[in-house]
Amino acid sequence: MSDTSDTVVRPAGFPSGAAPGPLRRYGPWIVLALLLLVLPRVFSSGLSISTMCVMGTMIIFALSYNMLLGQSGLLSFGHAVFFGLGGFLTAQMMNMMAGGEGPLPLMVYPLVGGLAGLVFGVIFGAVATRRAGTAFAMITLGIGELVTSSALILRGFFGGETGITVDRTEIHQVFGLSFGPQVQVYYLIAGWCLVSVIAMYAITRTPFGRICNAVRDNPQRVNFVGYNTTVVRFIAFSLAGLFAGIAGGLASINFEIMNSAQMGAAESGSVILMAYIGGVGNFAGPIIGAIVVTYLHLMLSDLSDVWELYFGLLFISMVMYAPNGIAGVIMMQRPLIRRGQLLRVAPYYVLALIPGLVALAGLSMIIEMTHQLSISASEGLGMTMMGIAFNADALLPWLTAVVLLGGGGWLGVRAARLAREAYGAAMVRGRVQ
Amino acid sequence: MRKLFATTAVALTVFGAAAVPASADTVKIAFVDPLSGGAASVGQMGLNHLKFIADTVNAAGGVNGDMLEVTGYDNQVNAQTSLVQVQKAIDEGAKIIFQGNGSSVGIAIEEFVTKYNSRNPGAHILYMNYAAVDPAMTNEKCSYWHFAFDANVTIKMEAMTNFIKDQPEVKKVYLIDQDYSFGHAVADTAVSMLKEKRPDIEIVGNEFHPLVKITDFAPYVAKIKASGADTVITGNWGQDFALLIKAAGQAGLDVKWFTYYAGAAGGPTAIKQAGLDGKVFQVNEGIANLNYGPAMETTKAYTERYKDAPTMFPRVFNAMDMMVKAMEEAKSSDPADFAPKLEGMTFQSFSNGGEMFMRADDHQLFQPIIISAIGPVESGQVDEENTGWGWKSVGEIAAKDTIVPTTCDMKRPG
Amino acid sequence: MAEILFFSAVNGITYGMLLFLMASGLTVIFSMMGVLNLAHASFYMLGAFFGFEISRHLGFWPGLVLAPLIVAVIGMGVERYGLRTVHKHGHVAELLFTFGLTFVIQKLVEMVWGKLPVDYLVPPSLDFPAFTIFATEYPAFKLFGLLASIAIFLALMLVIKRTRIGLIVQAALTHPEMVGMLGHNVDRIFMLVFGVGVGLAAVAGVIAGPALVTQSNMAGLLGPILFVVVVVGGLGSLGGAFVASLLIGLVQTFAVAFNISLADVFGPVAADSGLALYLDDIWSVTVAQVAPVLPYLLLVLILIFRPRGLMGNRES
Amino acid sequence: MSNADQGGTAALELEGLEKSFGPTRIIRGVDLTIVRGERHAVIGPNGAGKSTLFHLISGHYRPTSGRIRLDGRDITGLSPEQINRRGLARSFQITNIFPQLSVWENVRCATLWAMGYRYNFWRDIDGLDDVRLRTEEILGQINLIERWDMPAGMLAYAEQRALEIGLALASDADILLLDEPMAGMSHAESQHMVELIRKVSENRTLLMIEHDMGVVFNLADRISVLVYGEIIASDTPERIKANADVQRAYLGTEVA
């Protein structure tokens, strides 16, 4: 029957079995490696190196989460458990080997975290992956609570609420690397980040990785092509635990402290935000999300007392209107670029963006003024926004805010509709040409 | 949000290579505590105190001619976020870090500062701890670059038990604490110190409950009642305290309460609701109604500036005033120069003028401890949380009667 | 001992009924719409805070009526303009939406009322001990809470058994796949059910607010327990939710009463190795200490031995 | 039954199969033998239990009582994937594909287990030549090569139905269960589908549910009539047409 396929002309791009060229296959990774190598030379301040260390850790963590949510359609509310347990095990191991006793150099310690993540992934996965969907989400929530609460009770191992501290320079040193200077830790994290990202990308391109996608799309059908969906979920869960554990191990090397807050519900929630805001439908999405969310997390709090509220609103609006996250929005522009239509649509984007920003300004005025009136009342009602000073209980600013929000919102919705139409038209035009 | 948009530019250039160097004539003080989210109000109070004191010092000509500049950094009460914020502060030229909320954050900063100074030759970052009270910070984890200005768990228990020692009506004591290291420290020191000072007292219960997880303390109160206790000692704070007191009031539990944090936000309201007039005691370094002249004047000036925020942290004043004195003695604002002056310094307590001293062995401040009870106050006196109830001193323990040993093995630089 | 047992039982039942007030709404919403409303406890919190704010101006009783109504209207808005938009993106998106909602509601509450407990007072008319037994007083307000929960429970049963919408809800509970065939007004029924469901949670909030604590973390504390209740009871089973509510209420209060640890039963750990140090933690932990963990332990055990929950009849 | 005189071995045997939902008996004791290599159609009025019967055979439901044997081995109570691995694949009445995956990925995923790659998470899937060739072969059979990179959810209805068959083919099963493959199709599309089914069922055993009598009588070697959960007749098309019971119970009302 194989002759049937020979009679059909293969369309362009049809898989031919020829291996992609080395540039195509390894090029992006080499670029990424070079980028990681030069970043600390471009951003050399202590803060930027520290921030990049956190970002590197979070990239692994967010990607590991996306093995569940984006790749396999599993919504977990307890993923930080593996991050935390990986971190604690690494820290305990480091303390045991402190004083240069163990033969292992610091570079391999994240593997301890990874193994811990894997082992606990197997244990908890055996329970959680018996169910899918909502029940799975609730079980992970329960496991998260169980482990976090237990961590406070088992003070000997978890060090109570202060956690346990380590000294990374006490570990057996090789190549004269003490890992005292933060930049050395940066390169350690960057190395592990690169390896983990490549590994996780590779997994998406294996038979198992594709079956995960199938399970996400239609688990029932997967049963009828020979797969046990529970096993698929279980493997995905365990592997996600492995990488989350590596991230946790890196975190404990980076901060030299690990406490139970790092595995609590807040941390589990934040990884959901990272993956989702970045975009779960695209491999690069969680990477973008980890970078953006970490940056905002560290910087936005200096700007507003209620930054977390903005964060929540951003998340909800993305769930409602941009379910594929930042990466999804970027990917939507790709066909336009390919068809040479982006510049024709771009003005519409700007048109929609301006009233959108106006509405945002109005909303943020309302939020900040409410905040000033309630919680910050002790500091007086005077406040300054965009260099303009006013009183939070005056009528004019409230009126302004409502007008900005209402007017901007109304125009924004209209302009967004125009932009959508322009996008559709451009797609059609591109196809015709 | 006062800073909103104004600091956008600064934040966006954070990734710019060069850190802003500290100008020669300012001393940068970084205040690392919660400044966003629900705990912001607590952190904001500390920041207000620091700014108030810095302005006072600056108005009088500054320190050695240099001006103090206080900047807030939001740590979201998270240990790891705190470390990035401390790094940010250091980049921006701060050498003095103030922090107080949360021992887990405190220990993280203490370790970070110590390691940072040893790994970066020439760096002298100092951690001024105004409220974190884990005894570990001045014992096994003690650091030359850390000074503790609040009385820690053991010191307060020493003061508390010295007070209880002379209360013959205390016969049966029930201990209830949060199930984490602070709660255990409270319970353990209470047991050992009571046994030593009042062997006749019977400990009828030593209970630990989960931290900030209990919504109804009625079952616990039933247990206390069943035990026949006449006194309860608790380290509970926040909602764990408020709910415990509330449940006690509802069940009509009639005992004396010796507490660490009854005065913290929410506490007085709960006590008044439960109607426990004169039954609840707290142990701290100072209260509003001590009628000590200099403190009253400062309090007045402070409340004029921050109208609805009368809560005072005497320890912030102690910390800042002692630091300024050390800088002046050393004629330098580099921690490497003035830290030796801070060691062993004696000073007058902000609250009542009593003598206090910074023990050089572990950098723990010893200061007079006030035992106070809450009840209705006359007009003119300071009440708490608009309840009409305020704290009144029932006993003062001098600094020399609060000394506890330390296991600190201080590693000094050089 | 008898008094501890008695009060544990009464407190456990009160707490359990409170849980059920919320779990019932959650279950009905789940059966009808197939979405587990993760923000359910947030509406409970909103109920408490609105009740508190109204009680400051109008008194407790208007708050008991108005706060749930306001919350119900908000809930209907959320269903109409939020959930319905997200519905086309699938169940995961719906869950994420309600998850985001918990975050936003908590931050809003913190923004307006702060993180510290607010002073939500028991109404003076109920501020007296209902009875005194074993020399311990039992507050009238708590008794009122218990009775109110039971009354609402009975009223709810009546509505479900006797009204048209009740019949639809009943059908949805037994045959969830049939909901799609309800015809053109299904949207309005969804909105109504969601509104009533979160309104019930708000009633629980107004009752729990003065009795327990009104604070911005109350949703975060209760939410996970609530989900344990519905999963242990069996997703979509009203009877299961009832049993599980009482079970978890009683387990939590009774566990507090016992100070037994493994060390008490088996004796202290003998070995003096490093491992024994960690083991000692587990060994010396009392039942009372682990009380809040027990529901989650129960959840895990139930899922191992009875994956569909106590009375559940569907997989997921 | 008259299966013995067909001369073949039994591919699938149902014995006293029953299924009840609560008090309602949907399948009331079905005995049926499908002979290796035959094309067998199940017909019957709506609600007769045809799809339920398929769900029982494919492991989606567990029978209340009775046995199911595949190639002589008991598969009663096995899970769908276990049954699939023993060589039985099926399609669904309501299109049941992976909507977000491309057509290529849909078929490729369905081939993987049979090709022996199982849960392999260390080999590059694009480097598996056997999988690629097999996928291409199936796409060729179902005429979807042109559409290979389109998300399956965006295919035209008839194309989705073809893909549905493709998924069943991909697992390389000896026995195909097709549940109303022509449902909702135009006449021209049906013709296409008949040819496709004829082609793919060569060298296989086929069991299908179908309402279109033209298709059934054109395609099937034997036909079973299911009415109210019972098989009232099972025979060659000609004899079924002539069967008085069938006329009365079914054909008389449904096909004028």
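As written, the chains take the letters A, B, C and D, and residue 1 is the first residue of each chain.
By our rule, a contact is a pair of C-beta atoms (placed from the backbone, for glycine too) under 8 Å apart; a residue touches a chain by one contact, two chains touch by 3 or more.
Bear in mind that the values here come from a model prediction, so they are computed numbers and not experimental data.
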Which chain pair shares more contacting C-beta pairs: B-C, or A-D? A-D
Max Cα-centre separation from chain C goes to chain D
Innermost chain, where centres are averages of C-alpha coordinates: A
Calculate how many whole Å lie between the centre of chain A and the centre of chain B, each centre taken as the average of the chain's C-alpha atoms. 37
Distance between the centres, which are taken as Cα means, of chain D and chain A, whole angstrom: 43
Counting only Cα atoms for the centres, state how far chain B is from chain D in Å. 74
In chain A, what residues contact two or more other chains? 149, 153, 155, 306, 308, 371, 375
Quick check: what residues of chain D touch more than one other chain, meaning two or more? none
Touching two or more other chains, which residues of chain C qualify? 107, 110, 114, 289, 292-293
Each pair of chains that touches is included here, namely A-B, A-C, A-D, B-C
Per the touch rule above, chain B residues touching chain A in the complex are 1-8, 10-11, 14-19, 35-37, 40-41, 44, 48, 73-74, 76, 78-81, 83-85, 87-88, 90-91, 103-104, 107-108, 111-112, 115, 119-120, 134, 136, 141, 179-182, 184, 210-211, 213, 306-309
Interface with chain C, chain B side, in the complex: residues 37-39, 41, 179, 207-210, 212-216, 218-223, 225-226, 238-239, 242-243, 246, 250-253, 265-266, 269-270, 273
Within their complex, state which residues of chain C touch chain B. 1, 3-4, 7-8, 11, 15, 107, 110, 114-117, 119, 121, 129, 132, 135-139, 142, 208, 211-213, 215-218, 221-222, 253, 256-257, 259, 286, 288-289, 291-293
Name, in rising order, each residue of chain A that touches chain B in their complex. 42-48, 50-51, 54, 149, 152-153, 155, 160-163, 165, 167, 169, 180-181, 251, 255-257, 259, 261-262, 297-308, 364, 368, 371-372, 375-380, 383-387
Chain C residues touching chain A in their complex are 30, 35-36, 82, 85-86, 89, 91-93, 95-97, 99-101, 103-104, 107-108, 110-114, 220, 224, 227-228, 230-231, 235, 277-278, 280-282, 285, 289-290, 292-293, 295-297, 299-300, 303-304, 307, 315-316
